[in-house]
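Lettered A, B and C in written order, each chain numbered from 1.
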Amino acid sequence: MTMVATARQAKPGAVARFTVFARRNPTIVLGAALLAAMAVIAFVAPWIAGDAQLMAPINRLRPPSAEFWFGTDHLGRDVYARSVYGARISLIVGLSVAFVSVAVGLAIGLAAGYYRRLDGFVMRIMDGLMAIPAILLAIALVSLNKASIGIVIVAITIPEVPRVVRLVRSVVLTTREQPFIEAAVGGGSRDLKIIARHILPSTIAPLIVQATYITASAILIEAALSFLGAGVPPEIPTWGNMIAASRLYLAGAPWSIFFPGAALALVVLAVNLMGDGLRDRLDPRLARRM
Amino acid sequence: MIAYIVRRLLSMLPVMAVVALFVFLLLHLAPGDPAAIIAGDNATPANIDAIRKALGLDEPLWKQFLVWVASLLRGDLGRSIFWGDPVTTLIAQRAQPTASLALTTILVAVIIAIALGVTAAARAGTLLDRSVMAFAVMGFSVPVFVVGYVLIFVFAIQLRWLPVQGYTPLAEGVLPWLRNLTLPSIALGMAYVALIARITRATMLDVLAEDYMRTARAKGVAPRPMLLKHALKNAAVPIVTVIGIGIALLIGGVVITETVFNIPGIGRLVVDAIARRDYPIIQGVIIMFSGLYVLVNLLVDLSYTLLDPRIRY
Amino acid sequence: MIRITRRTALQTGLAAGAVIAAPSIVRAQAKPSPAKTVRCVLHGDIPTYDPIWTTANMAAYHGGMVYDTLFGIDAKQQPQPQMVGKYGISDDKLTYTFELRDGLKWSDGTPVTTADVIPSLKRWAARDGGGQHMMQRVKDISAKDAKTFSIVLKERYGLVLDVLAKTSTSVCFIMRKKEAETDPMQKVTEVVGSGPFTMNLQETKPGTQYVYDRNPNYVPRKEPPSGISGGKVVKLDRVIFINMPDAQTAVAALQAGEIDFYEVPPTDLLPQLEGDKNIKIEVLNSLGNVGYIRPNFLHPPFNNVKARQALLYLVNQSDHMKASFGNSKYARTTHSLFGMGTPMENDANIGWFKGGVNYEKAKQLFKEGGYDGRPVLLMQATNIAIMSNASQLLAQELRKAGVNVKLEAMDWSNVVQRRSSKAAPDAGGWNIFITWGGGTATGNPILLAAHSASGDSAWFGWPKDEKHETLRNKWAVAATEAERKAIAREIQQNAWDFVPMLYYGQWVQPAAMRANIKNMLPVPEIIPWWNVEKV
């Protein structure tokens, strides 16, 4: 008798807990839901969309219709298919930049924060990188080499790394002074173990928040780079380069800008909502600093 | 204190050295040949080689770098490969439009953002708070050039209230100067509203908390001066952050806005220079702005000591 | 006691105001009136003030304002004297004698003499393709006196006057002795000419605006203007070239009246302008531009003639034109090596064109040419719309014909740099690149560098064919137009067999201007601002 009663109690608990969480943190849930929806669309792109690259000039600049749900662009390509595939590339660019900049920034920040002798040298280099205006660095990197998704990701990542390093370093500096670190050092623990077990965990929360902002910012910077002729090659659709390539048609064929634009705005909004919500939840003190 | 200032000034040197080396390598190791671009489409390979030689572009890289650093230390940023004008002259010609745009953009962004941030903080945690912050985020979710084109279409072409493009120097009148800067400031300002609104909201939350604390302390022992310092301390962060944003603005968002609205500023100068591989301009502008950024950082850090006497270096 | 009445205060105030305002009033009078100032946006920025240093057309636009030429082409593309008054050709056709006309002055008032003309000619010929071609046949250029000089040839050459009169870059502008004696490998930095305008260096800001004022010392010819020949009568006070690269902004500025003239409105935006009664659309360059596809002769697959012939069967010109120009009446297909509408246009050997696109035939030809499936590197200039569109379409067409295309996106500057590499495509070289050239220039077998097939010393792509070169030289010495046309037929007959390059279409770029701009002279490759009125 008692066992059945307890079993029935366990299942509603999970759902109930989620509902409570959702009510208390609507922004995180809403943001995450939107983002997840976009990710799913990006994943199933080949099944729900046609050819994103087929050019048929005879069909150019057609308004939305049964055949072309979102209309066509100036080369006769299907805006719907390109928007759906664009989700893939835009999200890949955004998430890659976030991942790489956090990974690299974490490594450098940990080293600089923990080892005093590295600190000065590394921070001077980071200061130097941060002093260079980000968008100029990005344009120069892409223009001066050949355009590709990889180069664009690298170009957007490089200016983001110093900011992550700063963040990680400040966390390491505060955590390093804690008594338990001294105890660990005194106890003979190896550096790597101390860093991994005691310092790293405190960096996770602010890094996640930072990563969400970087994702949104990266997708937008890609659009800016495309406008200036230094984005992902135009054959491969991203929301950013679709908008940039169609900018002459704002008045004449607004659908070619509206659909990728709305998708881009939606994802940036979703990511920001998630970021704001996570930040408020994980560390209210950060709200002051950021 | 003096020792700190001297130390910080000296530490600028390695930072600038990093910037210089990075920028130089970035440009010269990559493909792209200003000689070929100057020569034009119908030119023969022999012509292009001649131009390259005349410009000194066929010297080994390390030699070109040393020549450049030597002139940098003399304050000579070199001459444009295309026009032959000194880079410092070109920057000086273009400084006013960019500075004006940055100034008016910060004003627009700050005014809108403070209004939004205060509203959100007053009703913190409610739907209004979330909606207002979401609205702020919308401002930078749409790329600046799209906002720019829409503004031009609505306000300059349809309504004819404002000019489409261009820049009128301040010397020709404050009103014309403002008229040309209105649409670009709004387009670019929207992108920064979210950032500033966030900081305002956070600061306001702090101040509101202090009020409760003040009430509590009023019942106990609470020295007035301490409160003033708290207010200043809270205000210092956003003020100083806004200044930092201002400097970042100078190049970051301004590049696109200057292209859309045809403002003859430094952003346009350097973007056009990148397309043409006019190395001296690219190098000169980046060095100048990096130097400015580092200097401003130093001043900002120093200002913290004035704003909060507890901070001592 | 002085009573300060409201009246005296007002009077004093007005007087004071007048004093303070006076400098700006004076300034206003010294400035040319907006009613006679034209603000124009052209197709690019001026890269340098030295017209022989670059073949970019903007340098010729600049040069045409401040300099003058010995001869100039008229509306029928025939060379007419401009700075030259009387001239004669000896019976054996080897000596050309020229006499400068009266009234030629530099902007500082000093007269133009043969001491200026001869070094100018030599300096220009050192850099210009057409000039070099002529100089190979020149024995001597010498002055008889301050006004007369002669060119003595080693052998007959029918193009002397054409080359001096052409508007294709580099144009033969005449400079002062001082500037003309500058090493052709160094840039001329001072801008002093004898043309209808002078350059206002105070108001000019490089990269932003270039200001030209009417030259009051210029004495125009008496004849009516035709092409760039005839009388260059300036009816404006000032012309400002404004650098505005964003097309959307330029069109909007034209609609708002902030600029008076825009040379290159995108075809897709023309409907927006056509409805506006304050704006008119005019075609100034009726021969327009031709899009070029250049294959690389040095590396497989296009080192084999069959593979190049395959290209002729897979380029759908009407698709290419639609992609960039919609259903515009301004774009068309072109089957002649010398472009359509040019004097040398002909229809020799155009079976490939008449039969239309044939992917099966193209595949067959690639096979016969020994194409082994290796990647074909096609360079795409992403920042120039027409080239970017054409590259993407060509890649699609090549893929339909079974070619493994590697579409490499880069900006135009990188294309320009990479195309000069003779290395293999996977070692920094290339297989195909796309560009375009002027219709008039394309119509001339000698003056267009791209028409040379001399192999290693030819233009990028390095086509090689002896028969082509022999025929070109024959064309250069032809005595009559009829002879030239016949030789042009032969050249084309041979060319569509060995395929030095091919075209993706021909288009005309109409200019848009405010309705009160009148009497623009239609001239290819240069925009003259004399004769133009703003009513």
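FYI, contacts are C-beta pairs under 8 Å (C-beta built on N, C-alpha and C of every residue); 3 or more make two chains touch, one makes a residue touch a chain.
If you're wondering where the values come from, they're calculated on a predicted model, not measured in any experiment.
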Legend entry - Distance-to-centre winner among chains (Cα means, whole assembly as reference): B
Inset, instruction - Please work out which of A-B and A-C is bridged by more C-beta pairs in contact, and write that pair. - result: A-B
Legend entry - For chain B paired with chain C, centre-to-centre distance based on mean C-alpha positions, whole Å: 38
Inset, instruction - Determine the centre-to-centre distance between chain A and chain B, using the mean Cα coordinates as centres, and give it in whole Å. - result: 23
Inset, instruction - Would you mind pulling out the distance in Å between where the CA atoms of chain A average out and where those of chain C do? - result: 46
Legend entry - Junction residues of chain B, two or more chains touched: 31-32, 149, 153, 259, 275, 277
Legend entry - Contacts with 2+ other chains: residues of chain A: 143-145, 229, 247, 250-251
Legend entry - Overlap residues in chain C, where contacts from two or more other chains coincide: 248, 383, 411, 413-414
Legend entry - Contact set on chain A toward chain C in their complex: 53-55, 57-58, 60-61, 74-76, 143-148, 229-230, 233-235, 247-252
Legend entry - Residues of chain C defined as touching chain B within the complex: 45, 47-49, 53-56, 59, 127, 129, 168-169, 185-187, 189, 205-209, 242, 244-246, 248-249, 252-253, 255-256, 258, 383, 411-414, 416-418, 420, 435, 437, 441, 448-450, 457, 459
Legend entry - Touching residues (chain side chain C, partner chain A) in the complex: 247-248, 266, 268-269, 271-272, 319-320, 322-323, 326, 380, 382-383, 388-389, 392-393, 395-396, 407-411, 413-414
Legend entry - Residues on chain A engaged by chain B in the complex (per definition of touch): 26-27, 124-125, 127-137, 139-141, 143-145, 216, 220, 223-224, 227-229, 240, 243-244, 247, 250-251, 257, 261, 264-266, 268-269, 272-273, 276, 287-288, 290
Inset, instruction - Enumerate the contact residues on chain B facing chain A in the complex. - result: 11, 14-19, 22-23, 26-27, 30-32, 130, 133-134, 137-138, 140-146, 149-150, 153, 194, 198-199, 202-203, 205-206, 237, 248, 250-252, 255-256, 259, 270-271, 274-275, 277, 282, 285-286, 289-291, 293-294, 297
